[in-house]
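Lettered A, B, C and D in written order, each chain numbered from 1.
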Amino acid sequence: MSVLIHAASRLLVQGITGNVGRFSTRDMIAYGTRVVAGTASGRSADDVGGVPVFPGVKAACAATQADASIAYVPASAAFDHVIEAFEAGIGLVIYPGDELPVQDAIELRAAARASDAIFIGPNTPGVISPGKAKAGFMPSFCYAPGPLGVISRSGSLSYEACFRLTGAGLGQTTVIGIGGDPIKGLTAAEALDLLHADAETRAIVCLGEIGGGDEYAVAEYAARPGAKPVAALIVGRKAPPGKKMGHAGALIGSHADTHSAKMKALERAGVHATGTISGLVAAAKRALAASR
Amino acid sequence: MSVLIHAASRLLVQGITGNVGRFSTRDMIAYGTRVVAGTASGRSADDVGGVPVFPGVKAACAATQADASIAYVPASAAFDHVIEAFEAGIGLVIYPGDELPVQDAIELRAAARASDAIFIGPNTPGVISPGKAKAGFMPSFCYAPGPLGVISRSGSLSYEACFRLTGAGLGQTTVIGIGGDPIKGLTAAEALDLLHADAETRAIVCLGEIGGGDEYAVAEYAARPGAKPVAALIVGRKAPPGKKMGHAGALIGSHADTHSAKMKALERAGVHATGTISGLVAAAKRALAASR
Amino acid sequence: MLLIEHEGKALLAGVGVAVPPGVVARSADTLGRRKLPYPVAVKAQVASGGRGKAGGVVRADSPAQARAAARKLLAMKFGGEKPRGVLVEPWLAIERELYLSVTVDAAADGYAVLYSPRGGVEVEQGAALVRCDVGPARNFRAYRLREALADVEADAAVRERVVALAHRLVLLASSRDCTTVEINPLAMLADGSLVSADAKVVRDEYARFRAADIAERIDAEHARQPKAIARALAGKLMLVWLNGEIGLISGGAGMTMAAMDLIADAGGRPACFLDCSANPTPEGYRLAFDLLDGEPRVKVILVSIFGGLTQMDRVARVMKEIMSERRSVMPVVFRLNGTNVAQANEILAKAGLHNNATIEDAVREALSFARAGGRR
Amino acid sequence: MLLIEHEGKALLAGVGVAVPPGVVARSADTLGRRKLPYPVAVKAQVASGGRGKAGGVVRADSPAQARAAARKLLAMKFGGEKPRGVLVEPWLAIERELYLSVTVDAAADGYAVLYSPRGGVEVEQGAALVRCDVGPARNFRAYRLREALADVEADAAVRERVVALAHRLVLLASSRDCTTVEINPLAMLADGSLVSADAKVVRDEYARFRAADIAERIDAEHARQPKAIARALAGKLMLVWLNGEIGLISGGAGMTMAAMDLIADAGGRPACFLDCSANPTPEGYRLAFDLLDGEPRVKVILVSIFGGLTQMDRVARVMKEIMSERRSVMPVVFRLNGTNVAQANEILAKAGLHNNATIEDAVREALSFARAGGRR
């Protein structure tokens, strides 16, 4: 099994006629994803790579039974598009774009809950279930099927990490980019719950950084009786305090935000934690070994 | 029967320790209303006229099973108090105050719907079911039990109208002040539906004025097959256009807002309509006669 | 409270809506000193509608023309209103005039969006508008508006811009307590971009406790009113002058209108709508009498109050006091009813004041005084 | 984006929150010309915290004292920052200092309200705060906050004022896209009224497309930055100068931090955090090289990009071009990986550029250049 996105998932690409939409659609199809429909707001458009294009999500769903969506639209239009997908009955909506006002993230998380849907993002490369499907723009060659569930706050770091894991023969069930913003559609805790419930996921790898509270959710999970083994990489050990490190959430404001506080909390919870990318494969192996 | 408020209604007075709250509480009790509780935000207070005072609605409901509420609080606090009542499970909340921002009226109407509750107001004297109970500050002597359901946009006009009806021996089942603002908790159409469903109400009297669309809802109701006979008084025949006549809703902006357009629509729908308070009793009598 | 065009445009610009870069001048002279991007539109800043048809917008191709236009406009009146300045903007090369507004609407249980692909005077003359109900602001759905526009707006790019713009307007209306935000015309330029050529923004006066700019604007507006109106507003009385001779002091809007109708039916004319229900205190009533006593047109005062929360024994006591201290010789007719009316009748009777049993009686009495010339 | 005190207070006043009447002066001289209500507080206007302890607030009892205070404060630096003026307010007779803030908090799925009955430095020093989760702004519930405050705030009247104030702050935060609105101290005066003695308002830069005041403030802030930072910002690069010698050009925050950690582990020091992922274009990368080539501290450039959406064949082509046209002699080390990396490797190889297989290799290579002195 995998979580969130499966071989049978029927993906809709909102904003399919933009440059990113076109590139990613072809890339996702090449990976084997069933991209069944696209939307181009209010415009009639030809198909994109063989995918039919609809003027709205309702029409796209009626014609193609799409059940997941990724929205390649600017931040100023993200709220409108994600809500449209929820109200058309789509159960999983990914918004990969960045610079989404936090207000809109708050509203979209609340709307997802009200629609009984899952919202992922903003600021994420998406979700990939290696060998089955991907909804996002992560470089495909970095991934392979296997027993690890992966959660990441950072796109580039997840590529590097999975490239290493895959290179070491450690494949993945599903890699979830939860995004680097302070308010997330899917939180670390929720992503952990999904991977915990997935029978094929034997151990979990969490890619974290300074700032924010996600890593404490990881520690909380790991300390739970019956939790799957967890490995974690926390980057930003050498980042100066008080400066925003690219991600809106990656800022050391208080002691809890620091690298050392997070490492301590993770280690106390029994997480196989490392502070360097070079140590990731070994940590993941230790976690996997513990799962036997 | 009566609608909205009955002899068994258990009334809560929010803001009971203010001048208006104290006065109205004593007045409602004198009328026979079962005022079971009052609130004074966050303060402990002695009882008011024998009514126990609680710091919040939840506590008041738990102790007294209040099922209706009237909130005597300033407009700036109205939203907070009405929402509190909804969330404590109160099914009928009246906000008599005026100058409520229309934004808050919009939100409270939506909140009432979400809570499956009824919100009445703003800018209303309340609701009275003569001989049974009153939730509001209308002068009691103007009312008597009888077969008429009355709906009014204006407080003072409803006193005068009911004073005349009662004087002429035409009593009332329930008199509902829906208020004079453009966005109402309970609309004219909804109030009509309530009175329509009430077995004891034999005819309906609507007290309207220039501006707004309530009178068209009345015409729509009256034109419905099986509707109860309706009498209507529309005031403001001599009001100049473009000037707000006290009520936020009483302004002639378009032709439909005018006295003559409303009178025509009502007459076309078979309403016993009059343009002068002097003609009200006769109109109500004609409506009652038609109900036989 | 209707904002003047340039104030409304400032609110629009504040939420990222395109408006022409404009300058406001209070006099032709200050305008002459500015560097302007000719040709320009010189626009009278008035709150009343129909400005365009009344010649309130003038094109100017040179500083001399701009000064002349400003001088002319500032000397004119629009719907009885003197302009509070002129707004000068680049003259827009408009390809098409659209109409877009967001307004509070009871049928929508909140906001409604209205649109026409042909705006400007066509809408003013009553052209039909496409309507999309929103309700509370957070219920705005771009896709629903897009569907509603599909039939009337053929240009897909314009449609998308209108949808995005409407969302901004709904958020503006809710976040800044506006009851109407109307852009007419919404100008489509040659490149397809949309610019708000005019702006009619109405803000909710009741929100003044949480919007300092509304409170300030209300104060400024009150200060601009004629003295009597300003005094009434300061005393929380609602005064609208009418042209008649019966000075109506009343409580409650509905009952006041009913009394006005009765006065007219009896052949009289009300001098005013003067609602004291927001300030039924000795000070409020004293002010009401003072305002009417000071207005020569008024021949008789008719006090018509049917009180619920307002306790009529208190009102009667106040009336007694006012009548005993008052210097005016203008006759006063009473019709008080409502809560504690029995005590009120006693108080009035003891003071030798007659309380009419019905408003019809009171109107008749007032008219007979008025016909006798009033002001005995 | 943290607003300066007087800007934050203007937002507060705009929603009807009580702030002391203040005047802002950019120089001691302009201050001297004003009539002030002595005694006054002269307050340095800086964005950095801990101003009070650093002597950034001075009491003045006379014009001479006020001028002296302003002169002194304007010459000081707070957290490395020169004041942008002084704010002068009446000196408040504070009975008690409270703390109230509204902030975006992941655990609340939106806003959270934080309160302490003892504010001021006690909170700065880490005193516990009472917390009430709100979520989306419309979910603010006065009664829940009232319950949360019942245990810590004994004064019922103050509690009610705090509840009403918190509601305003939540609405302000959501309607004006603020991520934090903090009042510390919230001053309780002798009559029990609450005045915002200080204001720390953080606005959401991402909302600039719908908030003109945020966009303007960002532009102004960028203009105040040192030249290199301002150029980076104009080119949509994220640049933070650090103290080292390895000029790190990267894409993606997480991977950049990982590389910084590796550099440090290997005994090096990064010269910067320079994230090009928002502008992975020829112009963006050229600017990045230009900025680092112009910084003498930088001894070697390490280009570390792991692209997903960024297609690495395109990046490789850009790198090839930059390397061929570049005048600087500073060594450059590459580690490119990601989408289309095979083509990228080919392009680099043909251009005679070495692409490191791992970031560890690249860091080692960069360090050896740095140790050799760099800038061959």
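Just so we're on the same page, a contact is a pair of C-beta atoms (placed from the backbone, for glycine too) under 8 Å apart; a residue touches a chain by one contact, two chains touch by 3 or more.
From a predicted model like this one, the values you see are computed outputs, not experimental measurements.
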Contact-connected components, chain D excluded, all else fixed in place: one piece
Rounded Å distance between chain A and chain C, as computed from the means of their C-alpha atoms: 53
Between chain D and chain A, distance of the C-alpha-averaged centres to the nearest whole Å: 26
Contacts with 2+ other chains: residues of chain C: 138, 174, 209-210
Residue list for chain A, restricted to those that touch at least two other chains: 76, 107
Contact graph of the chains (line, ring, star, complete, other): other
Chain pairs in mutual contact under the definition given at the outset: A-C, A-D, B-C, B-D, C-D
Contact footprint of chain C on chain A as seen in their complex: 41-44, 55-58, 76-77, 80-81, 83-84, 87, 107
Of all residues in chain B, those that touch chain C in their complex: 20, 23-24, 27, 75-76, 98-103, 106-107, 109-110, 125, 136-139, 141, 152-160, 163, 180, 182-184, 187, 207, 209-210, 212-214, 233, 235-240, 243, 245-248, 250, 275-278
List of chain D residues in touch with chain B within their complex: 138, 141-143, 146-147, 149-150, 156, 159-160, 163-164, 167
Interface residues, chain D side, partner chain C - complex: 13-16, 138, 168, 171, 174-176, 209-213, 215
Chain D residues touching chain A - in the complex, by the definition given at the top: 104, 106-107, 109-111, 135-136, 174, 177, 179, 204, 206-207, 209-210, 238, 240, 242, 250-258, 260-265, 270, 273, 275, 277-278, 305-309, 311, 337-339, 341, 359-360
